[in-house]
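Just passing along the structure, written as structure tokens.
Letters A, B, C and D mark the chains in the order given here, with residues in each chain numbered from 1 onward.
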Amino acid sequence: MGSLVSEINELKSEIRAFADARDWAIFHTPKNLSMAVAGEAGELVSEFQWLTAEESKKENLDAEKLNDIKMEIADVALYLFRLSDVLDVDLAEVMREKMKINEERF
Amino acid sequence: MGSLVSEINELKSEIRAFADARDWAIFHTPKNLSMAVAGEAGELVSEFQWLTAEESKKENLDAEKLNDIKMEIADVALYLFRLSDVLDVDLAEVMREKMKINEERF
Amino acid sequence: MGSLVSEINELKSEIRAFADARDWAIFHTPKNLSMAVAGEAGELVSEFQWLTAEESKKENLDAEKLNDIKMEIADVALYLFRLSDVLDVDLAEVMREKMKINEERF
Amino acid sequence: MGSLVSEINELKSEIRAFADARDWAIFHTPKNLSMAVAGEAGELVSEFQWLTAEESKKENLDAEKLNDIKMEIADVALYLFRLSDVLDVDLAEVMREKMKINEERF
């Protein structure tokens, strides 16, 4: 894609700027960020815990519930992108690498 | 970025193709995918649980440990992107929306 | 301990009575309860995510924070005991069994 | 129950002895133990992620799967009891306190 900045890298930069503006870098060790990912993933799974599989499908979620879920997905993503940024991990690359490994397993 | 396909959408398509080739769509309800995200986030946080904050930093991780962490980050990302795909959630959009909400809070 | 009812079994009974009084049994499948455990564990880890190891120690936690942590520990325990109850798992027994397995590993 | 040692306290003592024999106390900060609880809760939820609600019920689990689940329940419990021990939290007491709070909410 030539000189284009990647979408994921753009998002990482925006998250970094957000954290830096609040002097949060000191809190954002990889250890702490892994906890934040797990904490937000806990909130995400909570959204679904009393729904049946059917009720959890997009067409059966009301607008408010879907919005709550979107916000939890966003929270997990924000901390996961941030963790990737502080560890200098190329997210798209590792995702494709893991899919290749999974291809051989399944 | 004109008519370019977004990087995140490309990854979603690749993950979808991977799942479809294995007839996994039936398992990939939003409820089950939220559990998979939480499960992988648990494995990610496990990688860091006995490290100090200092030891968790990129410059202090050895190559093998860093690779293990990358693979766990990839696993969380793969299920999170897949969940976004089945719920038709625009990941970049909700991340920016959530950052805007956070801007007002912090 | 003769005919004494075990403390863990007493707690399981109290949690079961609480759930039954609210007609929650239908929601309390093992699958859903495992999600509830993970969700509450996410809230527990969130309490600690920005604390240093030192700050997380009992003597350094203020009363309010310690109380928040206690309530999250209770939430994880309530769902874990409930899951053990619906699966008819003897919690003390499996804990001791797992410690024996760990003794050989470590 | 007079001078009887409580079952939960006995288990805490056994876990403490296990950790002390391996010089693990230094790793067992409340922060790290909260991560271990979340990590094990992730493994527990993983056991159930591709099962339907029906398949997750005791009568539908085969012996091997049920045993895997028991071992994951034990792992969460071991770290949760250990965390309660290092924070000097009376687990039965906080569980009953939380049930009382929930009684007013639901």
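Criterion: a contact is a pair of C-beta atoms (placed from the backbone, for glycine too) under 8 Å apart; a residue touches a chain by one contact, two chains touch by 3 or more.
If you're wondering where the values come from, they're calculated on a predicted model, not measured in any experiment.
Asker: Note whether the interface between chain C and chain D is symmetric in residue numbering, meaning over half of all numbers used appear on both sides, and answer same or different.
Answerer: Over half of the interface numbering overlaps between copies: same.
Asker: Using the stated contact rule, I'd like to know whether B-C or B-D comes out ahead in C-beta pair count.
Answerer: B-D
Asker: I need the pair from A-D, A-C or C-D whose contacts repeat those of A-B. Over half of the residue-number contact pairs should coincide.
Answerer: The pair repeating the interface of A-B is C-D.
Asker: What's the distance between the Cα centroids of chain B and chain D, rounded to whole Å?
Answerer: 27
Asker: Starting from the mean Cα coordinates of chain C and chain D, work out the distance between those two points in Å.
Answerer: Chain centres of chain C and chain D, defined by C-alpha means, are spaced 5 Å apart.
Asker: Pull out every residue in chain C that's touching 2 or more other chains.
Answerer: As it turns out, chain C has residues touching two or more other chains at 32, 34-35, 38-42, 45, 48, 52-53.
Asker: With touch defined as at the start, can you tell me which chain B residues reach chain A in the complex?
Answerer: For this pair, the touching residues of chain B are 1, 4, 6-8, 11, 14-15, 18, 22, 29-32, 34-35, 37-38, 40-42, 44-45, 47-48, 51-54, 56-58, 61, 66, 69-71, 73-78, 80-81, 83-84, 86-89, 91-92, 94-99, 101-103, 106.
Asker: Once bound in the complex, which stretches of chain B touch chain C?
Answerer: Result: residues 34-35, 38-39, 42, 45, 52-53 of chain B touch chain C.
Asker: Can you tell me which positions in chain C touch chain A when the two form their complex?
Answerer: Residues 27, 32, 35-36, 38-43, 45-46, 48-50.
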